[in-house]
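Sharing a structure here in structure tokens format.
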Amino acid sequence: MTIASARPAPASRLKVRPAAEARGVLVIIALGLVGYFVFPDDLAFLTRLITIALLVISLDLVTGYCGVATLGQAAMFGVGAYAVGNACLAGLTDPVMLLFVGMAAGAAAGLASGALITRFHGLPQLVLSIALGQLVGALANKLSGWTGGSDGLSGITPSPVLGLFAFDLYSRTAYVFSLVVLALVFALLLRFMRSPFGLLCRGIRDDALRARMIGAAVYPRLVIMYGLSGAVAGIGGALAAITTGVVGLDSVSFERSAEALVMLVLGGTGTLWGALTGALVFQIFEHFVAATNPFHWMSMVGLLLIVIVVFAPRGLAHGAAVLWARLRVRGAAP
Amino acid sequence: MIKSSTLLCMLAAVGLLGGPAAADTIKVGVIGTMSGPYALFGKNFKMGIDAWVAQHGSKVGSHEVEFIYRDEEAPNPAKSKAIAQELLVKDKVQYLAGVYFTPNAMAVAPLLEQAKVPLIVMNAATSSIVEKSPFIARTSFTMWQNTVPAAKVARERGASKVAIAVTDYGPGIDAEAAFKKTFEAGGGTIVEAVRMPLNTTDFSPIMQRIKDSGADTIFTFLPAGPPTLAFVKAYIDNGLKAGGIKLMSTGDVVTEPDLPNIGDAGLGILSTYHYAVSHDSPENKAFLDQLVKSGGKLDEVTMTAVAAYDGARLIYKMIEATDGKQDPDKAIAAVKNLKWMSPRGPVSIDPETRHIRQNVYLREVAKRDGKLENKEVQTFEAQPDWALSKQ
Amino acid sequence: MRTILSIAVDALAYGMVLFIISIGLSIMMGLMRVVNLAHGAFAMIGGYLASYAVRSWGLSYGFAIVLAVIGTIVIALPLERLLFRRIYRKSDALPQLLLTIGITFLVIGIVNFIFGPTLKPVPLPGVLSGPFDIGFRMLPTHRLFVIACGAITAAALWYLLERTDFGVRLRAAVDNGDMAEALGIRTELIYLATFALAVGLAAFGGIVGAELLPIEPFYALRYMVVFLVVVSVGGAGSITGALAASLLLGLADTTGKYLAPEFGEFFFYLAVIVIVFLFPHGLLGRGALR
């Protein structure tokens, strides 16, 4: 298993050109524009999709790149969202500043939980991630002065982006704003993952012992990655708070964490594109199927997961990549 | 022949025909708990509205009215807001209605003024909801409205030390405040106030705490749904009922569909509420007959059906007053001061708060023809929302 | 003092429900090394079957329990053959999580389709309903029944594992699967039997615990992690560990709810974090699962 998953990494690394980041930005923006013009009535949904995509990407940083299985990722998303909500209610209404607030809060939460979780492996690690997530959820319910408890934190009204673009009923501003943030974060992460630090993290995932043998300090690196993951999740939470104006307990719930993991594995762990694909595909399907019957939706996701584990254990993105590579070979031949 | 009419329908559907025919369908978005543990109450929204439509037709003047249902599922403000936004932007609804949970209503409220759309709240019972937007009217009840009489009754019937146990969210906190204020004004004392998280399922420790507080009466509110049954059972099975501690609640805790599950042990439990299925009036009888005729089940009727039925009346009134145009100010103005005979009794919309003024009844769980029901034993006439109204 | 005793009794009842449901998972995780998030789904299926048997067929409570436990095992065994076997003893937890989450979702969807979204009570017989006076307080009679069920389950399991041929084989397979196989123990059959045992216990716990953990479609998701957490705290594969963990966590939860109800599950998970931090392999774990 470990050998198999390690193999494609060097190959793709060789293929990456310096322009990979620019290409990433272009692809996201292009996709985003298609969304904007083809589905002008669904921008609120597409905005929500982007915020969740950030959560899934953040999960990939720890699960895909560091091999830490966690079912508590929503805690950092929620902490970011609640921090932004409070900052906004306290008078800091500039959306860009709020993003930084969410990022900082998420990073802090990430560092703290990372320091605890990455000390362990396997079942204890998983259970700690669950327990921490649930603890944050219970606290969010209790500290209703800051979170609104079950009533949610509402009345979050950020000022116009750059003082120019107000958030509107049709979510146009919210969508474009989120899209730009996603593209930037994605490009930065692509760059970061190719840095020596990012590569070393993959090494740790594939073989922690070997990484240790070549003199890498494993624990601090994992904690830092957790902090980074928390920052990205925090940005997702911040976007959610800014664009919807409400933060509810659902943003720290176990269901949110579990769904993020499902989306990640659906797309394929260990690649940022996989995380993005998983988030997109899952949510678009959910949007259509769940609207008619939420329970049929659950059955379908259940079946899909089973099928994936049995037939395509490495995710949709991997399958798609294999297909794409084949097509390209075929196209280049004549 | 058949073909050309199908073609016409299709053309109309894609909006190619345009003109008056298409513009004349007025859409009403109903947000309710259509799935999950609270699904019964969303179903009641539909039952109530269906009954109204069956009696009054699907047209107001020349305007066809179409109700579109969406699922709020659970207290989830972000999701509800997204649903409302979709109804407004995509389905282009002219009215919003329904909403079971307070947090969800609060999240939807800021959209109304932006979209110029009125919202008829058919359940969510925190007083302050109507203050969140001038375009909100409510046909259900508020916690203050139902709780103030409860506190009065408790005091009249000799309670002096009360333990309050409420669900820890907007309506629960309202209920706690309303009971405390009224009861203390009457000279009683509150010896314990417990706020229980929404997802609590095991009430044994809480019963123990209440018992230790030395209270002679419990006042409780939980949102109607699965936990209420567990609460009442815990009250009975932990020996509080046998030990002489009385249970006083709003009717949410003893909704009619739950009574058979509580069983005979529930006999004698007191509650105050604005609607009992057993309410004896020609209007209620006609309403229930119609519910059953249009596919509802009598065993499943709850307060949300009557709130939806009356809510549909307001919506029809608003459409009539605005002649199908989107004019929220005029629409809301048309229902202020509206008075009518509801299945629950005489009601009116308070022009100040846009909330429904109605009788609140003291009821007792009793048995009639082998079936448990909430029997009305005392009436508090024309109760306003005590939190917002001046009087 | 009375209060402390009262809380202890409530905690005992809650702990026993946790124990009955979790112990099956514990044995399964100890033997097959599989992180099974679908365990709660089997408890839920048991609850639904029992509810249906009592309410629609009018069967007696005891008979309904037996029928529902058998029914749940019958439903679950094909899943073992087709799916669970693929993920036994994998070093990578991710496929295990996904497959079992997938099974849970599927069960939730199907159960809702068949039984509807509302809560389904498992009606108690007259003997078990109502209050019972145990001297210093009144207690729901049902709780006493649950406590007794827990004690009997623990004793029966102890006998099964320590005193029977099956138990010897099972323990051998837990301690060293390859060696057991080499000695001619057919681990595949042991796995199958253990799976059936685990699922049966889950169903049993789901039914008798229905008063505390009410049966509704989201049951499987709502309590998905609770059982896993109990097993992890106790140490996978250990009966005494699971019992200790169940009682301890039951106590943390009940005391928390008595002293500070508005904190919800805070104390439960705080206890989990502290224990896992101090004993990563569980209170009495054999360290088999890492």
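Every chain is named by a letter (A, B and C) in the order it is written, and numbering of its residues begins at 1.
Note that a residue touches a chain if its C-beta (ideal position, glycine included) is under 8 Å from a C-beta of that chain, and two chains touch if they have at least 3 such contacts.
Every value quoted in this text rests on a predicted model; they were computed, and no experiment measured them.
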Which two chains share the largest set of C-beta contact pairs: A-C
Greatest separation from chain C - chain, by CA centre: B
Distance from chain C to chain B - Cα centre to Cα centre, in angstrom: 38
Computed distance of Cα centres, chain B from chain A, in Å: 38
Computed distance of Cα centres, chain C from chain A, in Å: 33
Residues within chain A bordering two or more other chains: 138, 141, 295
Residue numbers of chain B (touch at least two other chains): 35-36, 168, 197
Sequence positions of chain C contacting 2 or more other chains: 112, 117, 217, 262, 264
Residue ranges of chain C in contact with chain B within the complex: 3, 6-7, 10, 13-14, 112, 116-119, 121, 129-131, 133, 137-143, 211-214, 216-218, 222, 254-255, 257-258, 261-262, 264
Complex contact set, residues of chain B against chain C: 35-37, 39-40, 168, 194-197, 199-202, 204-206, 208-209, 211-212, 226, 229-230, 233-234, 236-240, 242-243, 261, 263, 265
Of all residues in chain C, those that touch chain A in their complex: 29, 35, 83, 86-87, 90-95, 97-99, 101-110, 112-113, 117, 217, 221, 224-225, 228-229, 232-233, 236, 262-266, 268-270, 272-273, 276-277, 280-281, 289-290
Residue ranges of chain B touching chain A (in the complex, touch as defined): 35-36, 71, 73, 75-79, 81-82, 85-86, 88-90, 102-103, 106-107, 110-111, 114-115, 167-170, 197-198
Residues of chain A that touch chain B when the two form their complex: 41-42, 44-45, 48, 138, 141, 144, 148-152, 154-155, 157, 168-171, 240, 244-251, 293-295
